[in-house]
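Sharing a structure below in structure tokens format, with a few things to ask.
Chain naming follows the written order as A, B, C and D, and within any one chain the residues start at number 1.
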């Protein structure tokens, strides 16, 4: 089964949430399992979107219990490892989708690139060298449909 | 969805393997998701048993890639955390079932009791104080059916 | 520098505490760094013993902050990984010393044997097969001096 | 004892290496312990610098053994947790210093900001919103002396 990790902030914009919901729905319709952080914001929106299409959603939680997990997860994995679980989330995807920006999200993007995973981003932050030249390695997409296409998995 | 973690050795006895297969099948028939270590031996037998009844099986792998994962997993979570992932496996179950004995398996049993999880064991090792008196905290069962019953979940 | 991991319960007996203090002092006198869990009970006693002889003590904490760390640590490593940090503690020793028994301590003993580390125990729990025959792999010592000797490091 | 985490790439520029060496030396002269990733590049340069001034250096390794650790570490902590150990490194500092840029380094910077740690950077990458406006939260310094000053610890 294809697995896709989707990362994004708790404190997300309306655009981020709408994008995440649509990405989740599309992934489920393409038969992929969604791996996410399992809490609120983008994590909940992508889970809700995938669940709405009958998809499988795994929430890889930072806490050691399922407290505060969102209600759309098929399975919860309470790692108890704090933000170190971000490495597990990005290890678990055949591609990694980033929706929106935050420090936690940026750590996931960076860990995904560190393992040389395919990373597709919609919204969120940009990375450049000290001289302003962009750092390559992330594909930027403008719509959820472009995101799915850009993963190269379907 | 009820989640049950099942732990046991790679180098398992024929009895352990048969027990694990049956436990997996029964868990799936009871509608529970199985969480296991994702590799060979008891991990593969329980996954095979659950998959044979259409169950959901999550393999929480020690490696950071899906290499050597058994073929019966619904979803693989390559933690990249080595044996520390044993803590994740036991955190993820509403109960923890132990089939057979090994050092890795004992670490899972102990971590499960450390978080005060219900632990049901079939086969495997025993723990006593230095004076020979048994250390309480694990329920021993003689058959896979007794194991399922003893979890108290169904 | 030789590094020795010392594991044991928070809720320790007076004997355990005295043994841990003495083990810590001896390790420091032999020039070894002590790695421990960094909190109270055996963890604090071994740290206090090592510090009393001017030794280096590293506390590998389960929490992500230094809150509740004992005051005898040279350096605190707040892993934020809960009990999964037990794997880090036992990975960090050229030998692993176990003083006393608890579920957390047993998980450390088992993880140490899982990586085939030298394990020397004083006090604490015993492990046997289902038929009562002892499981080999741990050296039992009766005094702190015997513990140090049995590590084979000095 | 004050602890400062220093992060940076394996594949570092000559400027990065010189800066890291000087930062390590200054930290040791100020009596701080250095926490780093324990391998080559910036990790080795900062360790070498600190060791050259008699400082304490802890290498928090991604691997589960001390293989390939640099020779300037006082103590090695082989976590066995892959890049998830980056969270441990940044948890362990009263401040986090970033020297140079790479994906692994960026994950450390982001994890440090995620826990709201003081982050001081010299060289390396920049982060901006999608509209090009800078993302606040990192202090940029031009010299090793300015880095030390900007931590606010001494």
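The rule is short, and it goes like this: contacts are C-beta pairs under 8 Å (C-beta built on N, C-alpha and C of every residue); 3 or more make two chains touch, one makes a residue touch a chain.
This is a predicted model, so every value here is computed, not measured.
Novice: Kindly list the shared contact partners of chain A and chain C, in label order.
Specialist: Per touch definition, common to chain A and chain C: B, D.
Novice: Over half of interface residue numbers shared between chain B and chain D means same, under half means different, so which is it?
Specialist: Result for this pair: same.
Novice: Need the CA-centroid distance for the pair chain C / chain D, whole Å please.
Specialist: Spacing between the chain centres: roughly 29 Å.
Novice: With chain centres defined as C-alpha means, what is the inter-centre distance between chain B and chain D in Å?
Specialist: For chain B versus chain D, the centre distance works out to 39 Å.
Novice: Would you please write down the residue numbers of chain D that are in contact with two or more other chains?
Specialist: 64, 79-84, 87-88, 91, 115
Novice: Treating touching as the only link between chains, describe the layout with one word: line, ring, star, complete or other.
Specialist: Per interface graph, the chains form a complete graph.
Novice: Which residues of chain A touch chain C in their complex?
Specialist: It comes out as residues 64, 79-84.
Novice: Please output the residues of chain C touching chain D within their complex, sorted ascending.
Specialist: Of all residues in chain C, those touching chain D are 1, 3, 33, 35, 56, 58, 60, 64-65, 74-81, 87-88, 91-92, 115.
Novice: Can you name the residues of chain C that touch chain B in the complex?
Specialist: Per the stated touch rule, the residues are 81-88, 91, 101-104, 106-107, 110-111, 113-115, 123-130, 132, 135, 137.
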